[in-house]
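For reference, the structures are reproduced in the following blocks.
The same chain A turns up in both complexes below, where it pairs with chain B and then with chain C.
This part shows the complex of A and B:
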């Protein structure tokens, strides 16, 4: 009969209305500043630069290869390569960024920079409360603000950080094996040289 | 004591008028009636917008506004202070007028909306002896002045030079004109039986109680049918969901007031809500016994409290309907008005006459009148649903 479905619908909404006052499950809203959800592991906001050890300047993994700068779709990364070199985590001399800026007012959180970086250097952070009164300068993050420790990375993305640690450990092991082989070859060569 | 509380505002006004010279009295009397009315209903508008947002929120399992309370303090009042920042925001916004718009008409439209809406309040009996002007053609005045709202809708839509606005205005006018007919026809039953267009006479005709129940018209077969039709038509007249096609946000942005911003937008918003309160007020006067108490033991509660309680109850019902029903399509809206509402309203006129002439037959007239309404209702409802192929939708290509 005409109007039957309307009454059924009204009953549903009435149930929702009164139900929301008695059962908490009906209200999935999280009242943000007071209540917070634990961030999900695969959440990502803006990129940061990983460093090892205690000194961010010394431990910065970035070698200033500028791949991320070229790949970033909205072109919000700005890098100036250093003139001199500093040793990286393997002790190899590498360039480092004299300047590394990301304009997070332009960044679209795509995560491409983190994917293309061959040096496990740039990763995505989960920090989202970044509002500032300074519209231009406040959102242009220089490298000292971007640098965050590997411990931080392990905390926000444990799985990814473990994978990245494994890659670096393999690199170091490879470098060590190579050094050892080179040293052995040198010893051998020296030994061969002697009788002559 | 009870008597004086009920007549508090009336006596207060007379007392204040006593201090003035004879010549000034009519003018000041009018001002003293109008200003509190505008203030009270303006305040009601502010509160109802919060109730609406909170109610819709709860219906959709959200909280709704619950932050803003008293400014500059931490008191939140469960969000009931929200209308203050809303109002400030509307007032300080830039007033943008489209370059191609007809400036004068564009400016006048919100004013033209608000004036007739405020005029309709003149004949509403808010409480015992509390009608601003209680003249003989009260109900007629209400409808004729209320019809002027359509001009404003068209002015706004036409002068904006915007296709959305024009479409909204076209829909608005088609809808308002169609629904004005069942609205008035359902009100006519009451006028027929009371024999007067004067609002205070209509309220007086519903005074007293029979067997513990009030003598309201809504508790008779024709009155119930009339009241339901009046409510449906009132929803359509005040452009509220499910009849909000003229301002359908998802299709027309805001319909005829798309091109309005700042204070003019607020005026449209205010006009719309005041129009809704006025038409609900008339519905209460016609069918719900006006300011009369629903039970004999509650007659000590002041009359204006009853009026406001009934008003708020129907406003909540409207919010509930808005939270439930989806928007109609234009053709559904029109066929509902012309194929169902108007025939039903005409039949209801006959039923009211039957009721009148069968007076004194006791239960018989109840049965006859109830059947006379239920029969056409079922048949017309079937006619409306026929050839509609209601049910699960099947798709030819996508599945």
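This part shows the complex of A and C:
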């Protein structure tokens, strides 16, 4: 019969239309600023720099190795290495970034920087409401704005943060064991020296 | 659409008289800003009445210098750029690139990672075909409704991608020698549920569209692509199979672990628009079959080759061509390495670009309104055509 399939098609439409009053499945629209979807745990937007403790300048994990700058596909990271050194989380003297800028108008949120970083210091944030009227200065983030605490990282990516904390704890344990071994060796060497 | 006779200002020749009612031929520039061109694409059409007598596809409006950029960055840094070629199917683009780099560097992929890749590729195929069918029906004038249904389903698959990889479309998920992060048990369970839902959606959508008289009248016998021409023009993918040529890289190359799955290759008979539409519907059903098998059989184990290096990756000098069956056709990456951290030559074989070359042959003698659907059935994404 001519038009049979059209009637069938309209039945499907009607089912969806009236169904949307009954079943939540058929009502997928979310009224954004008032209602919000729960963000996915793995969601990534723009990078940030992790710091430990309260003082961001002291606790910044970045040692300015510039691997992320090299690997960044759109080349949106700009780093100047410091002349002097400061102690890192293990107490070891390391360089720190004298300047660390990310142009998030260029950044394409790929997450390569977080992946290649060997020091667990650059991670992806989930914040997305970053619109600004100042399209040049407002989107070029210096390290003051990029630095966020480890607590923030634990809040946005709990699973990844736990893994990264474990890596750092292992590193600290290793460094302590090494220092202890070195100290013991020194004591032993001293003890051996004394009789002679 | 601007309708200007003799749109080329440097060429003031009057167009010859047409056959229809003794009128003149009319040159129309369809696009680049035209909703039916699926992006910034222009068709220079010469019309005789409503009949197309000449058609010239004009592209390059979205050229982003992808290949040259890739020659200047490291191998890993090109991976997120491949997401942006065919932005509907980032996972399959990743796979094609990863495959050629793995060939170049001699990396093997662990079992579990191969299964994850198949799951991702087939989900991508389903979502690409869902979108394509939605747009295809919209090009015929069904404004909104079917496309919204299609997008509702697509969003569910994208939710799965986002949960796993962190991004809906630009997944950046595959790595050389494996995948970036492991899938969890709960994710696999959810994926299984979504696959079942997809099946019921396909039934619903088919009821809406497949037997519809208007769809049949608009598509059957229109835009025929003969078998010989399809082979000679090196068309690949659903376009080729709709013309009745049994060629699918998944079966021919058996890349990855595709030899372990049981699935059929649907073939068309007439090579017209309706066949091209139906091929996609049937392919989705075959993809669902593969997905069910892969989700059932996925083993435990590592997801990365132990030889794979994330930083300081330098493959030895040589060349490699890796190709896969992307939802649009054969997608290949050709790489030459000179031993440095970045490729010496990087070349993409984009399926939708090559499938677009026979647009004129399919459109000649058809109405201008049909030219719009014929373009829709080619399934182009301008990110991939222009690169």
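We take it that the second predicted complex is superposed on the first by the 189 of 196 C-alpha atoms of A that agree within 3 Å, B and C clash if a C-alpha of one lies under 4 Å from a C-alpha of the other, contacts with A are read in each partner's own complex, and residues count from 1 in each chain.
Assume a residue touches a chain if its C-beta (ideal position, glycine included) is under 8 Å from a C-beta of that chain, and two chains touch if they have at least 3 such contacts.
The model shown is predicted, which means the values in this text are computed figures rather than measured ones.
Aligning the two structures on chain A places chain B and chain C in clashing positions. Look at A:111: by the touch rule set out above, it reaches chain C but stays clear of chain B. Residue contacts after overlaying the shared chain place A:9 against chain B and chain C alike. Once chain A of one complex is fitted onto chain A of the other, the partner contacts of A:72 are limited to chain C, with no touch recorded for chain B. Once the two complexes are laid over each other on the shared chain, residue contacts for A:124 go to chain C alone; chain B is not touched. Once the two complexes are laid over each other on the shared chain, residue contacts for A:20 go to chain B alone; chain C is not touched. In the overlay built on the shared chain, the residue A:31 is in contact with chain B alone; chain C does not reach it.
Applying the stated contact rule after C-alpha superposition, one finds that A:191 touches neither chain B nor chain C.
Comparing chain C and chain B on the residues of chain A they touch gives the larger count to C.
Within the three-chain overlay, chain C meets chain B in a clash at only one of the listed stretches 22-30, 76-84, 94-102 or 328-336, and that stretch is 22-30. Residues 2-3, 6, 9, 12-13, 16, 28 of chain A touch chain B in one complex and chain C in the other. On chain A, the positions that touch chain B within their shared complex are 1-3, 6, 9-10, 12-14, 16-17, 19-21, 26-29, 31. Only residues 2-6, 8-9, 12-13, 16, 28, 40-44, 67, 70-73, 108-112, 115-116, 118, 124 of chain A touch chain C when the two sit together in their complex. Chain C makes touch with chain A in their complex at residues 73-74, 76-81, 83-84, 145, 149, 152, 155, 159, 162-167, 170, 172, 180-181, 204, 207-209, 211-214, 310-311.
Across the interface of their complex, chain A is touched by residues 55, 58-63, 320-321, 323-325, 340, 377-378, 380-382, 384-385 of chain B.
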